[in-house]
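Structure in structure tokens, see below.
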Amino acid sequence: MGRHFLQIPGPTNVPDRVLRAIAQPTIDHRGPEFARLTGEVLERLKGVFMTSGPVVCYPSSGTGAWEAALVNTLSPGDKVVAFETGHFSTLWCELAARLGLVVDVVPGDWRHAADPAALADRLSPDVAAVMVVHNETSTGVRSPVPDIREALDRAGHPALLLVDTISSLGSMEYRHDDWGVDVTVGCSQKGLMLPPGMGFNAVSEKALAHRGRLPRSYWDWDPIIEANRRGFFPYTPPTNLMYGLREALIMLEEEGLEAVFARHDRHAEATRRAVRGWGLEVLCADERAYSSSLTAVVLPDGHDADAVRRLILERYDMSLGTGLGRLAGRVFRIGHLGHFNDLMLAGTLSGVEMGLAAAGVPIKEGGARAALAYLEGSEGSAGLEVAE
Amino acid sequence: MGRHFLQIPGPTNVPDRVLRAIAQPTIDHRGPEFARLTGEVLERLKGVFMTSGPVVCYPSSGTGAWEAALVNTLSPGDKVVAFETGHFSTLWCELAARLGLVVDVVPGDWRHAADPAALADRLSPDVAAVMVVHNETSTGVRSPVPDIREALDRAGHPALLLVDTISSLGSMEYRHDDWGVDVTVGCSQKGLMLPPGMGFNAVSEKALAHRGRLPRSYWDWDPIIEANRRGFFPYTPPTNLMYGLREALIMLEEEGLEAVFARHDRHAEATRRAVRGWGLEVLCADERAYSSSLTAVVLPDGHDADAVRRLILERYDMSLGTGLGRLAGRVFRIGHLGHFNDLMLAGTLSGVEMGLAAAGVPIKEGGARAALAYLEGSEGSAGLEVAE
Amino acid sequence: MGRHFLQIPGPTNVPDRVLRAIAQPTIDHRGPEFARLTGEVLERLKGVFMTSGPVVCYPSSGTGAWEAALVNTLSPGDKVVAFETGHFSTLWCELAARLGLVVDVVPGDWRHAADPAALADRLSPDVAAVMVVHNETSTGVRSPVPDIREALDRAGHPALLLVDTISSLGSMEYRHDDWGVDVTVGCSQKGLMLPPGMGFNAVSEKALAHRGRLPRSYWDWDPIIEANRRGFFPYTPPTNLMYGLREALIMLEEEGLEAVFARHDRHAEATRRAVRGWGLEVLCADERAYSSSLTAVVLPDGHDADAVRRLILERYDMSLGTGLGRLAGRVFRIGHLGHFNDLMLAGTLSGVEMGLAAAGVPIKEGGARAALAYLEGSEGSAGLEVAE
Amino acid sequence: MGRHFLQIPGPTNVPDRVLRAIAQPTIDHRGPEFARLTGEVLERLKGVFMTSGPVVCYPSSGTGAWEAALVNTLSPGDKVVAFETGHFSTLWCELAARLGLVVDVVPGDWRHAADPAALADRLSPDVAAVMVVHNETSTGVRSPVPDIREALDRAGHPALLLVDTISSLGSMEYRHDDWGVDVTVGCSQKGLMLPPGMGFNAVSEKALAHRGRLPRSYWDWDPIIEANRRGFFPYTPPTNLMYGLREALIMLEEEGLEAVFARHDRHAEATRRAVRGWGLEVLCADERAYSSSLTAVVLPDGHDADAVRRLILERYDMSLGTGLGRLAGRVFRIGHLGHFNDLMLAGTLSGVEMGLAAAGVPIKEGGARAALAYLEGSEGSAGLEVAE
């Protein structure tokens, strides 16, 4: 009984309002009503990516949008420099390699952000693109995209900048145009508060002009951008998710993107205070790189993070994120993004606190209480107008 | 953003599953599919009332079911003895008086249960019925229905026993047959986890045999019970709420009524520990009479409970119950019934704690923490099977 | 597979949009958001009743609203004149009698409208009210409410005029204020396109001033009108149906009431052409009295209308209305009201045509075809803007 | 007002039941509940494809599943033989060419099925695969897959057989295993009655063993099949569509696939009788090749099919399929597949008949009537049990 707490770092809790929008009857994807929907959604989407250029939508997961970013811009054998920031950056590198690209990985310890300074030595003339994950979903570490842009500019290097914003878009500050990103990769099921099923590429003029020769058809931007002008798609789009996307974008606009970012920053800070209150360690080792959409928590040696997660799921009906790749069993991840508010966070942290204790992890008292004290003292509001 | 916390003592948080059931297409209320639905729902309803007799369903609020209990059994000028336990018992008495009954009120201080011992002096031969509210929604005080039955039996008095279970049915132990109740009044929007719109009368054989002469038509049991035999109703029933009712009854059966009661008892105890942890007072002054579905909290003099509620609604998007009648401004009520679990309670109590502090009510630290400690230490489980 | 055709004269096919509105989370019925909803709904409702006075909403069926109209205005032993137009007018009379009123029934043959001329002889000084069903749901006969008003005025008689619009409101022209009606009785599940569960009384100033002494509490207008001023109700209203009501009223406004009426008139005429095309008889024997929301069809002697209905339900998944009261087995009723359009009507009439043939009822060919010819030739439009 | 008639050949009318399933809260795609869902869905899916082998699911459109079939099995420069049957077969060929395959097209006139006899001359040893569209959605022509298999077998040629069942799966007889197909391409939004957003590959053992060297990552079968064993996916699956898929598969099982096929056959025959009744021509010129899921109708010279479609959309709120590619303006397509029944078909054909007349297309009377006569005379039933 009671609601499930879906506190993985995505898919996130989908608002009822969005679920109801998705449940509207499916319509003709070649008819006038759908053309109006497409036009509206594509226009609103630009606001979230902070771009004036096109945003290409795929019926796909975020992984598909990763692949799309590469096959549209690169050619077989092209060299790409990629920052290792965690499990997902690693998967993206593997994907690139499978497509026939040569990947130069800047190694990382999964606790720090991508280091722009590491670029200088690697920017040989044959580098076609730089790949970076803005907010590494496996670690809760945010990388400084503007600084990477600056490093490229300083080097005067023409490589394209490809950025994964899968778990930051619509939750943490991100500016496709201002930050000079060439391809931004996003998806539906995190900050956009939708179920999984849509992937996105926001595309710069430079990227549009710089098309590679990797074979492509499904992912090809050109026919999509061309058909989008009239409100259509070259193949059947995920119509019902588009209803939901419209609704979710309206919700984000109603709150205001700056307020959305501030809300996530505040919840992330409260979560870290809880973690420290328990005497545990946040995985991210650099406070400048803290993620605002999720927090990975390191367990003391000898404690199995997945056993804790299982206990919390069984006893408190809350899903937390598992440790991925080399972090398996050592960390769990708390998602505090999307359709989320103070009391949901309070419930979440209470559940973690009770679960850690029940699992026998030695924690100090007062973690959840420290979070509440921070929430109470900081500016926050449900933003409701309440008439007397 | 994020979910609203609806923590008034009803309407309660309606499960998504029930909302989706209600959203099924409306069907012919005279057709065979509806007849099957009626049969199933009426049978399952008996389980919740713990009766083998009929349960009469109305398209109405709970107030309608109050009226139905009276007009079916009593005659103009009949005398009824009614226990004053709070605002709702008072409203029921007013309703009875408007219908032309003579109401002998056993006064109460709104902090204690109905006292069975008070009956003896009042059971004159002309008393036709005794009215009592099992769980007074305005105060969070539970009255001892079996003891009232016993007092009647001891006196050998034939008065009918009419009981309001509006905020206890499906949340707190209640046994229509075993406790010898003649008419039990219930409604949809509390423990049954539905939106408002249905009222119920569970009816004993004695009540069925003992029909009064108050004018009645809409509320008349007989044509309803008669039509119900074939799966129908004498007038159009609230078909879509009946879909929801079937779903809600299945959910209660899945959890098991004993487990449902234990869950509510546990959440109520945790809530009271929070209240005491804050240094505040629970309105109910007798621990044997604690309600398990709601807790009314008394504010220190000079503090306006409604101002606190407003602040909590604005800042934390949570609705709490107002003080009603003579309690206006002095108490607020926390609903912890229905579709509810540990983490929702943790969020709720955290919101109350933050809100009290923000409103300047002097509280001690550690209320929410005390509740967590109790939850952590007591038996509780989301009841999920989680495969390894 | 495929959609059920719910072509009884109510409950009608509820629009998806309304079902989704109803599936919104239940909220605090004493909070500010609900107060705004109440205010909006009550204002929009006036438009449908065409009144500037109050419309009182009940959690009830239409039968409840019948009872409310009587208990608010009349006193025990009052005399009312009521027109017999069919099964529902008869039920209303029985209800009145059960409440202790003296009912003077103007007999009718169930095929003609109420005859205003019949009033003159019956308007003795002790008549307190005249009751008439605007659109008799059991027969598909519409009575001339303005002419009845005129008859009362001509007689200078002060009796209240009480009108049932259960199956005409929001489908056929009806003007509470212009027609001088004192209490209009309506409900949710017909032209208002909602599930059952709400009843309505639109109330004139005269009715408000002329309160009777019948005992009442649940149905009492005064506390409801009083609480409605602040956006609330004296007891818990059917919150989720109110979401749906808002949506349905917006839909009616989007189409425009005049267009709604014209649509129903056109579908009714098409239906009658189909009936005549089959060589069957429309029950309503006076063309000035044709209902626009339903058509009752008389079967030739020796044919069982319910057997036809059963066959159509089994074979074509369509529900038609049964013959009620003295019409049982002799007629079936086609509902063509509410959320309905040309192609739904074409499917409906095709199903009736196939079903009659399959049941061995001797019909001529071409009924459905005659309806199509009429639809094709008359003004009608889905009202969609379709960009080239 | 009233329901939209979505009579394009997909997306089809999604059942309410499926829409509600899709609107369930999103859950953890790595949790135990999701693993159970995956297991159940994949098992049921096998039934629809009539295969005992794996069915690979993609978050994609059907076009993505086309691409997946090719990149998993073929190598750069491979030769494929493809039958031109219409617009979609042509698009699939273009897709293959863009991926670097050499496509040998067997030309067709878009009015006849693929001719198995044409294969013999083209089966040079370097042919790696044969591509055929089972039911060409642009023309309503069905090709004889078993005969093509037989032609391959007779030639003893090892080429893989790749078949598109996008608009036949779940509507028309199709047997992946029995017919010896190597890769079957399907999608969600036609016979499976879901919104768009999922693509499928059913895969034979031979296809699994015969992996090509085209670059692939997103579409790679191996990691998906591997992860599916434990109930998971290598990247985030479209969780909410999977809820809907489970529901739709249950609905198909409830009706029974043979009954589903018979229903589609019957509706297609009724539709063709209507077309002939109007004196118009069915595009498919070979009666052995009639599609049971859609019918393309040829307009007389000088009449614009899209103008007719527009008029029908505006006036009757029905969407029909446009003429694609070389058929633009000359044909329109009626979809009669998926969640569909006799009365929906009657409404559909009535709308086409009225629309043709209103658009000034010279038609004979009696088309819709001929369809009804056929429906009436043939075996068909809503399959409902109706108690007396």
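To keep things simple, chains are lettered A, B, C and D as they appear, and every chain counts its residues starting from 1.
FYI, contacts are C-beta pairs under 8 Å (C-beta built on N, C-alpha and C of every residue); 3 or more make two chains touch, one makes a residue touch a chain.
None of the values given here were measured: they were computed from a predicted structure.
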Notebook entry, point to check: Count the touching C-beta pairs: is B-D or A-D ahead?
Noted result: A-D
Margin query: Need the most distant chain from chain B, centre defined as the mean of C-alpha atoms.
Written below: D
Margin query: What's the distance between the Cα centroids of chain B and chain D, rounded to whole Å?
Written below: 53
Next item on the list: Let me have the rounded angstrom distance from the C-alpha centre of chain C over to the C-alpha centre of chain D, please.
Entry: 44
Notebook entry, point to check: Using CA atom averages as chain centres, what separation in Å is found between chain A and chain D?
Noted result: 35
Next item on the list: Identify all positions of chain C at which a residue touches two or more other chains, and write them in rising order.
Entry: 3, 13, 16, 20, 23-25, 31-32, 313, 386
Next item on the list: Provide the residue numbers of chain C that touch chain D in the complex, in ascending order.
Entry: 1-3, 5, 13, 15-16, 251, 255, 260, 263, 310, 313-318, 339-344, 346-348, 350-351, 353-354, 357-358, 365-366, 368-369, 372, 375-376, 380-384, 386, 388
Checklist line | chain D-touching residues of chain B, taken from the complex the two chains share | finding: 16, 20, 23-25, 32, 35, 385-387
Check: So in the complex, which bits of chain D are touching chain A?
Finding: 4, 6, 8, 10-14, 19-20, 22-32, 58-64, 67, 76, 94-95, 98-100, 187, 189, 195-197, 214-218, 220, 234-241, 313, 319, 322
